[in-house]
Structures are given as structure tokens and as C-alpha cells.
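Chain IDs A, B, C and D follow the sequence of writing; residue 1 opens each chain.
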Amino acid sequence: MDSTTEMLQTHPAKPTTHFEVVNAAIQACYDCAQATTLCADACLSEKAEDIENLRECIRLDLDASDFCIATGRLIARQARPVPELWRAALQACIQACKACAEECAQHEDRFDHCRVCREACERCVEACQAALDAIPEGGAETRH
Amino acid sequence: MDSTTEMLQTHPAKPTTHFEVVNAAIQACYDCAQATTLCADACLSEKAEDIENLRECIRLDLDASDFCIATGRLIARQARPVPELWRAALQACIQACKACAEECAQHEDRFDHCRVCREACERCVEACQAALDAIPEGGAETRH
Amino acid sequence: MDSTTEMLQTHPAKPTTHFEVVNAAIQACYDCAQATTLCADACLSEKAEDIENLRECIRLDLDASDFCIATGRLIARQARPVPELWRAALQACIQACKACAEECAQHEDRFDHCRVCREACERCVEACQAALDAIPEGGAETRH
Amino acid sequence: MDSTTEMLQTHPAKPTTHFEVVNAAIQACYDCAQATTLCADACLSEKAEDIENLRECIRLDLDASDFCIATGRLIARQARPVPELWRAALQACIQACKACAEECAQHEDRFDHCRVCREACERCVEACQAALDAIPEGGAETRH
């Protein structure tokens, strides 16, 4: 079993009704944070004449990475979520990953790291959207 | 002159129409990130019988700190903002700081660090709201 | 294949001699960042009379989480590492995870999340030590 | 009075013997985190033919920014520091800022943002070194 699943299972206020959704969203955020950090660095390592076209990709990689970390951490502190904050955070993460995925899509025919990064971003959008859908009104229910 | 103002003034794609709004929002985010990190630690240093009531304050301090850093960084990368992302990011930061300010307000009669933190959160809300208002449709205009 | 491995394999300046060591160190850092964030929150969710004894555990969880993210990101930018920085960063991450593991060890008989977190910290120490050992003088060799 | 000074003064375990050193180190870390994030973005906004020579500058800006945030946060949690961790963290931050300052120095005749960033890095090195010197054996003494 991976650490995050095991940590959530031993958490005294672990999510009850939405365990898998919360678990998947945390893991997708950290996975995407790694992919976007690596994509930014891979873009910086491309040939000089290519970097110019990759500027926005690098910026959006960095944005997505920062919001994935912030959101992954916020979801982990799920014991008594403030609904407006939970929603706004997930939406910011979704927008950051969408913007990054769309930019990466424009470069993936030439740069395979952009394809891998786009896929990680799309999985993160999906996992955050599931968290947003599963917790429509009052945040996650917990065992408290 | 402080570093951030000087950095923005020497940035080749510095904001033209909204220089002060962008500058103020970046600085308010980092200022609030410091205050919330310190408030979380101050709460943890209170007497054992008080910490119980400060749990949510600590959690919201940590949330606000993470979103202030992510948002302060995103605003700094303002050359060609994606409007949906810019808006969602600022709204997440505003919600994080509002939630933290409201929680701190409930403790500030006993804990002066909660008052100082609330004030930093409110300034950050105001600065992010100004950024949101100033850039209604297409993101910051830049010198590009 | 996981995203990080695939991202490294498609990186134009991917590590040649130490691919597995670099890959393992990045992944261990992000895994430990998740575990420590969750352990801090789990500690905060324990009974009021227990939190007092978990203050240092929470602080060291937060320290370890922040240094794991910073170090995981730095290792990802491995194309032309500055040896003194690479070493100092890995040593800071090792010290943060060691301190956290030692503190967690004192609580793991009562709190199973502290055991899971200690194990993640120990794996991160090991992976960072391997990166430190494999790259003794001039940083990772890359395909540049 | 700025938020960080006021937060430290209202912290129940505020530093007693080294208040100014701790305060200055926290603020220098966050100031440098802003400067390096902005320098990375300014480098990305330079002409295509220049970005190639600024790759390492961008990478080291990002490294310094991440370690400044991690270290600024760790110093803020100064109530009962673990000496080995405190030292390793400050040394990592010093190395990150030194490496960034040295790289920026090579570009500052052409790019003024590199000069401003170098100065912020040098101030952060100095403030972290003062924290390292002031707290030689057992970490900060606090009011605990």
C-alpha cells in the first residue's frame, strides 16, 4: 500500500464517505506537481530556438506545480473543510492544470515530455473535479 | 526601494497599466504567508488546554500560507496571464485568507497573534480583490 | 509507468549514469512530503490531551514537508547541478526527515500515523543519501 | 511595524536572545523568494537569443526561491529548533542564494533584474549566516 493511502487510513479524522475521492485527488495533485516541475525543466533544456516558443509552457508548468502542491496539501487537511475555500481551491487547481494541459498539447508533437505532462494534468483535473462533485455542499464528511 | 518593486521595474514584460496593483498583490501575498506561518506556530505554542480550540485556526493558517505563496508566485509571472486561471487563483487566495481571518477573529481577544494575522489576511484579501477588479477580462496588459 | 519516470525518460537532459538514483530520490521526496503533511494534520486531530505532546511532531512534519518539496524540485532540475548546492540541499532534506522520523518514533506505539510517517521519512533519508553518495564530486552527469 | 515583527512579538515562544537575527532571517528569506521568482520570469521574458544563456540563471532562481520559502518557514517555527536541522537548512539556503547570486552576477551588466536579484540573494546569505553564527550549539533560546 502506498504511504498516502496508509496515512489516510490511520488519520483519526479520515474521510468516511469519500475516502477514495480524497485519496485520489491528493495523489493526482502531487503526481502532477512532479510532472509539471520536470516539464518546465525539460523545456528549459530544449534547443535555444525552441525555448522561445516554450516560454508560456514553462510559466504554466510552474503555476500548475505551485497550485497542485497548495491544493494537495489543503485536501490533506480535510477534517473540517470550509466549503467556499475547498471549492475555490479545487477550481484554481483545475484551471491551472487545464491551462497547462492546453499549452502542452500545442507542443507535444515535437516534445514528448509535453505529452506526458499533459496527461498528468488531465488526470489531476479529473481527480479534482471528482472531489468537487463529491462534496457539493458542506465539504467532506469525516469521522469527527 | 524594496526588492519586489525594483524587480518589477526591471522586468522586461513589466505590467504597464496596473503596476501598483500587481506590485501590491505580490507583496500582500508574501506578507500574509509569513503572518499565517507564524500564527500557526504561535497557536501550537499556546497552553495545552487552548490548542484544542485552535486546531482549525492552525489548519486555516497553513492553507492560507500555501495559497498565498502559490498566488504570489503566479501573479509575479504576469507577462501573459490566462484570464480564467488568474481569476480562479486570486479567488482561491481570497477564500483562503477570508476563512483564516474569520477563524482568527474568534480568538483575537485572547491571542494577539491572531489579531495581527487577521489584519494581514484582510490586507491580502483587499490586494487580491483589487487585482481581480483591475483585470476584469483579459489579464494584465504588459509591455510585450 | 509512473509520470515521474516517464517525464525523466523524455527529458532532453535526463540523467545518464544515475537515472534510477535521481528518479528514486525525486519520488521519495514527494511521497514523504505527502506523508508528513498528513501526519501533521492527523496529530492535530488527536485528542486535546495528546496534542500537547505532539507539538514538536507537528512542527517537524511541516519542516520535513517543506524541505522534501524544495529538494524534490531541485533534484528534478538536475541538468547541470552546482555540487555545493546539491549536497547542501540533500543534507538539509536528510536532516529534516531524520528529525521527523526520530520524533515520530516516540509516538508510534500510540499513533499509527506516526509509524507510517516515520517509514516514509526513513525511505526519503535513504534515497537522498543514495543521491548524495552517487554524485560525490561534480553532480549528476547528463546527456547535454 | 511590519507583520512579521509584530507576529514574532506576539508569539508565546518568541526568541529572546536573538529576536532581531531571527526576524531579519525570516524577512530576508521571503524577500529573496520574491526576487528570485521575479528574476526567473524576467529571464524568460528576455529576447529569444538571450534565454539560452539564462537557462542556469532561471534554474538557480527557482532553486533559491524554493529553499528561501522552506527555510523562512522553518526559521519561523523556532520554538525548539533541532540544531542539526537548523544548521543544515540555513546552509542549504545559503548555498542556494550564493549559487544564484554568482550566476546573476554574470548577467547583470546586461540585465538589471539580475543585479537586483543578486543583491537580494546576498542580503539573504548574510541574514542566514548571522542566524547560523548566533545559534552555534543548541538552536535559538526561547521563552518556553
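Here is the rule we use: a residue touches a chain if its C-beta (ideal position, glycine included) is under 8 Å from a C-beta of that chain, and two chains touch if they have at least 3 such contacts.
In this text, all values refer to a predicted model and were calculated from it rather than measured experimentally.
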item: Of B-D and A-B, whichever chain pair has more C-beta contact pairs; value: B-D
item: Contact-pair overlap exceeding half with C-D, pair selected from A-C, B-C or A-B; value: A-B
item: Gap in Å, rounded to a whole number, between the CA centres of subunit B and subunit A; value: 21
item: Between subunit D and subunit A, distance of the C-alpha-averaged centres to the nearest whole Å; value: 27
item: Overlap residues in subunit B, where contacts from two or more other chains coincide; value: 41, 44-45, 59, 62, 69, 73, 77, 79
item: In the complex, subunit C residues that touch subunit D; value: 56, 59-60, 62-63, 66-67, 69-70, 73-74, 77, 79-80, 82, 84-85, 87-89, 91-92, 94-96, 98-99
item: Of subunit B, residues touching subunit C in the complex; value: 40-41, 44-45, 48-49, 51-52, 55, 58-59, 62
item: Contact set on subunit C toward subunit A in their complex; value: 2-4, 6-8, 10-13, 26-27, 30-35, 37-39, 41-42, 44-46, 65, 69, 72-73, 76-79, 111-113, 115-117, 119-120, 144
